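Labels run A, B, C and D following the written order; every chain starts at residue 1.
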Amino acid sequence: MLVVRAINENDLDALYSMATQVGTGMTTLKPDMQMLGDRLATACASFAETIPPEQRDYMFVMEDTSNGRLAGVCAIKGAVGLTEPFYNYRIGTLVHSSRELNVFTKMDTLYLSNDLTGSSELCSLFLHPDYRQGHNGKLLSKSRFLFIAQFPHLFTQKIIAEMRGYQAEDGSSPFYEGLGRHFFKMDFHHVDDLTALGKKSFIAELMPRQPLYIDYLPKEAQDVVGAVHKSTAPARRLLEQEGMHYEGYVDIFDAGPVLQARVSELRAIRDSDLAVVSPDTDMTHACAPAHPEPTLVSNTILKDFRMIVTQATPVNGAIDLSTLDQQLLRCHAGDTVRTLPLNVRKNNV
Amino acid sequence: MYVVRPVEAGDIAALEALAAVTMPGVHTLPKTRDKIEQAVERSLASFAAQVDIPSEESYLFVLESLAERKIVGTAAIFASAGSNGTYFSFRNDVIQQVSRDLNISHSVHALTLCSELTAYSQLSSFYLDASVPEGPAPALLSRSRLLFAVQQPQRFGDRFFVPLAGVTDEHGGSPFWDALGRKFFKMDFLDAERTIGGARNRTLIVELMPHYPVYVPLLPGDAQAAMGQIHPSGEQAFDLLTEEGFEADEYIDIFDGGPILQAHKHALRTFTGSQTLRVRTSLDAAPAEGPLYDYAIANNAGPGFRAVTIASAELEGCEAVALSPEIQDILRVADGDSVTCVRL
Amino acid sequence: MLVVRAINENDLDALYSMATQVGTGMTTLKPDMQMLGDRLATACASFAETIPPEQRDYMFVMEDTSNGRLAGVCAIKGAVGLTEPFYNYRIGTLVHSSRELNVFTKMDTLYLSNDLTGSSELCSLFLHPDYRQGHNGKLLSKSRFLFIAQFPHLFTQKIIAEMRGYQAEDGSSPFYEGLGRHFFKMDFHHVDDLTALGKKSFIAELMPRQPLYIDYLPKEAQDVVGAVHKSTAPARRLLEQEGMHYEGYVDIFDAGPVLQARVSELRAIRDSDLAVVSPDTDMTHACAPAHPEPTLVSNTILKDFRMIVTQATPVNGAIDLSTLDQQLLRCHAGDTVRTLPLNVRKNNV
Amino acid sequence: MYVVRPVEAGDIAALEALAAVTMPGVHTLPKTRDKIEQAVERSLASFAAQVDIPSEESYLFVLESLAERKIVGTAAIFASAGSNGTYFSFRNDVIQQVSRDLNISHSVHALTLCSELTAYSQLSSFYLDASVPEGPAPALLSRSRLLFAVQQPQRFGDRFFVPLAGVTDEHGGSPFWDALGRKFFKMDFLDAERTIGGARNRTLIVELMPHYPVYVPLLPGDAQAAMGQIHPSGEQAFDLLTEEGFEADEYIDIFDGGPILQAHKHALRTFTGSQTLRVRTSLDAAPAEGPLYDYAIANNAGPGFRAVTIASAELEGCEAVALSPEIQDILRVADGDSVTCVRL
């Protein structure tokens, strides 16, 4: 059985062994014992609330309880950009219009910005290939929203997620080739590595500061602004279902989109409910839907947050969880849990 | 013998004939009879005006072949390029990029829309008929405007510039325009030039052109190559102007990327090297001894301005210049009058 | 009784007489017969769908059926900025940080933008002083959201509303005095009038183009960025309840905030429902809430859109409207109407 | 009698004494013994170096009173201001604003962070002890650097600039800094200058300073008033430099708004007016006839550079200069040697 839970001090070795599976493209989860150990320590301090909210890094692991293996990982950073500047391009619009000539030109423009400074960030999602099936991906990704719904006061008003940008078959980035290379004069992957290492002052030194009309870029670069890497498309869809939107912010190197949402407008905030764990009764049984939908259920304990997906459905504020489910969540009859339908309800418009 | 003089009403037909042979996209002359008439009237009014501060005046000069009694060239000077708005150009900026961590150091070029040329006086409309031989006549035509400015400094700014036509392809297309102006104007280069009449000081420019610097490395190769390049028709003018002391490289045209030459008047040879001399009548038909130099000589008659070239022994350090009665006739001067002269 | 309805050809004189009451501050509703006539014609063509959606201007009037007077007016423009550029300042963030000096400076920055080009706009709200009581203001303002909920395909993805900016007691604008005056060299009200007259090319000619750090402005100007005129505060609250947010766009002259929303996230889109007009039955009566809440109800006819506020409550897809209500809405038993609780439900988080 | 010569290791104590009396915030001299030692070592290495392209060399000259055997002034020149990064300054831009509809036309000033001075050579560290009387000595000190540059052009750029300290109040505060730099650096002016050591070419500048033009009308009145204003301690240097041909107005300092004077070497009197003369021994103690002028005379000995002033009849057009044996001793030249001289 799979449970997503707050990471703890004992997970370091398993985390390292998972990091060796990640490969390139995720700069925040590299198989480096020092780096992972530091991160784990921060995560533990975050769940223990011994560091300020903006420094926290809530890291979750998906554990296969049948064999104790870690099947996946994901995280939420309390705030980005407060120690190193967090850069994006923001896409704006400039209109050039002359009534005399009857010309009206609407141009998309890139602005170098630090607008997202201070936002909370969803990051470091990785599911081991052995577990890429069923609801596992959804459970892992959506677990973070249930956590936010349970503890909204821990997060800033805005939540973001950076999506990996489009790459050509050969691994090159058409956006970088059309823009960044002229200023950085080095390979895309080299630049990417430097930012991962936190060496970011070169961005301030070398990036063009002035707004750029996207029309100046080569066609291949224009075409991929806001486009995700093909392997990232499913992750993007999951986040969009939860209420996150692309609002015109992209990565400065590969133009991958940033998804964002006001925390108050997340589906999990709107649609999740508290329920009391209680055995089934005839009464609730009668009111239960004929075709139960899979439901995300979490406990409500910050330090040992745990979440599962189950076929049990909350009815009138109560939910009948199996003994196994209760063990996975470390809760008992009478405890309160938070529930959210795994899948998005059809829009009634 | 050639003379440069202010345009006159009687020159309109001749100008129309000249305009018929000039190139499309090269805005040396107005094209239509109406426009030509307006230009001539404006010039006549400008020469006649009392001027304290340079404003909308535009002075048009013609080169006349006295042998053929024919107009074979034109050259003009606007008192103030931005009198009627703001004169826009692209300034060539160089941005130093240095990262010590990465051991990177290089320069990035950027074009910034700027209005620095607004208060400059502008030379324009330089055109020579193909029949004019090499020799001093082209230089006379180009420099007479500046001789006039030397005589009447209150009519002009302290700085001068000259936009020269940029390169176009065989269809009249401009690679620089295609990379920049077209994206905002949404029309072909020749249509845009026709619409705007060659002007660079109209409101619609600030409405349509990009307000943020254009990073040159982002432009396509052919547009970068066209920056600061002269249309072949402008080579003669370019050579004359650089010899005069004008400098290219700092500004280029916002439409076709052609070079804009500019200088402070103190850097121009006509200003630094011209002198005022008294006329002395020379009846001696034989050439003077020693080497001869070409000089441009102009009377100081305002609307009756006339300038010709003479070959003369070195005049530097002299107080007078010997002119034949024929030359005096052409210049409308007499023994003892002042003339302005500069070595070509 | 009050009904909000689509304006029609016969309303011109009454509209003019109302416009004489408006006073300064609303540039779009001046007592000018030519201007109002043109606008009315556009509105009628909009409801008749004889002009393209982006040119439309849906204008609504609140009519007092007891005496035939017009009590108020409001409108929705199909799209802004497509004939004349629509300018705003957008507030962004720039971070200046030096690790060497341990300095981290986060600065708010104003960018001149046309980002909102093409958005649909709520505008021209005016309620006659005689009618400023009870639910009238809410009815008038919220009617537009019900219209959007009924006809979402007529609108662009984004909807905006410009709020009048803060003014000092003497009617001056501290933001304009601190910024615009340096570039326009004329009075605030003069500038305002020029923009109302559509003479906007001077903005392109005179506005500073480069991003501006807000910190450069005088304190009094900084303080009012995004602040509304005191008479506008209630209108702002109503729009925020409906799901509109201040997202950092302000007026270039007085720095009044622009509220905006994705149409899909408006309360009216989420929470409004269709109901069939049907007489009360014992069955529905039994299920009705004990304390009925006031409900907005509209018909579903574009050309003759009408809306009221009533005490009737929809139950299980049916609503029992009084004969008078049905007359106001020009509907009958068996017709479908759209309903939305007038007041926002308490957030269940 | 005063002589200007390269600094020597033996001067360190004297420099330390001088530094003790200079003003806070006025970065003429390094303050600490360590820094002074470094500066002297760097200068010695620079004079000794073979240079093809100007780079990190920094040449420090001292003014010595021979009578008192005492160092009474310093002046330096950096080969290339940006050798070690990018030299940042604010460029004074003027934006023309014209609206024909509204009949408005005016100029708006803006300060743009720029790196145009990066490849220039920089004059700095000009300091004179209060004991030095008016007369030719201050000019000798200021111009000796340029005489050296005339002799060794490969060691310097084609353009030169000099930042002069801006105005500060009695507490060492700078109104210009308070309106600009403070907002980004979050520290007092003196703290910032101390932290950065007077440098304008460090990475932290590009990290912290504003990247977009600052519209001058938005600055508080006292900050606007401070733009381009000199600290009283710099007036003498300012006068000497403008006389030399340096121009203010185009650039100001990014920290205190002080003026940055700059010029192409062809606009500097030391370059255009200096000449190379042969030394002729003069045993005649009596003054020459006719008016006397002050000249700076320098040997051409590289690391052994020496310059003094003499009063002499006009030397323009001459091929030799008469020097007394005492002067020849000081300059370490002999009859027939070449010296470089320029009228002060």
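By definition in this document, contacts are C-beta pairs under 8 Å (C-beta built on N, C-alpha and C of every residue); 3 or more make two chains touch, one makes a residue touch a chain.
All of these numbers come straight from a predicted model, not from anything done at the bench.
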Contact-richer chain pair (by C-beta pairs counted) among A-D and A-B: A-B
Greatest separation from chain B - chain, by CA centre: A
Euclidean distance of C-alpha centroids - chain A vs chain D, Å: 57
Intercentroid distance (Cα basis), chain C paired with chain A, Å: 34
Between chain B and chain A, distance of the C-alpha-averaged centres to the nearest whole Å: 63
CA centroid of chain B to CA centroid of chain D, Å: 39
Residues of chain A touching at least two other chains: 94, 96-98, 201, 204-205, 211
Sequence positions of chain B contacting 2 or more other chains: 97-99, 101, 203, 207, 211-212
For the chain B and chain A complex, residues of the former touching the latter: 97-99, 101-102, 104, 106, 108, 110, 179, 183-187, 195, 203-204, 207-215, 217-219
Partner chain D, residues of chain B touching it in the complex: 82, 85-86, 93-101, 114-116, 118, 203
Interfacial residue positions of chain C with respect to chain A in the complex: 81-86, 90, 92-99, 104, 106, 111, 113-118, 149, 152, 201, 204, 211, 245, 262, 264-265, 269, 273, 347-349
Footprint of chain C on chain B - complex, ascending: 203, 206-207, 211-212
Interface residues, chain C side, partner chain B - complex: 201, 204-205, 209
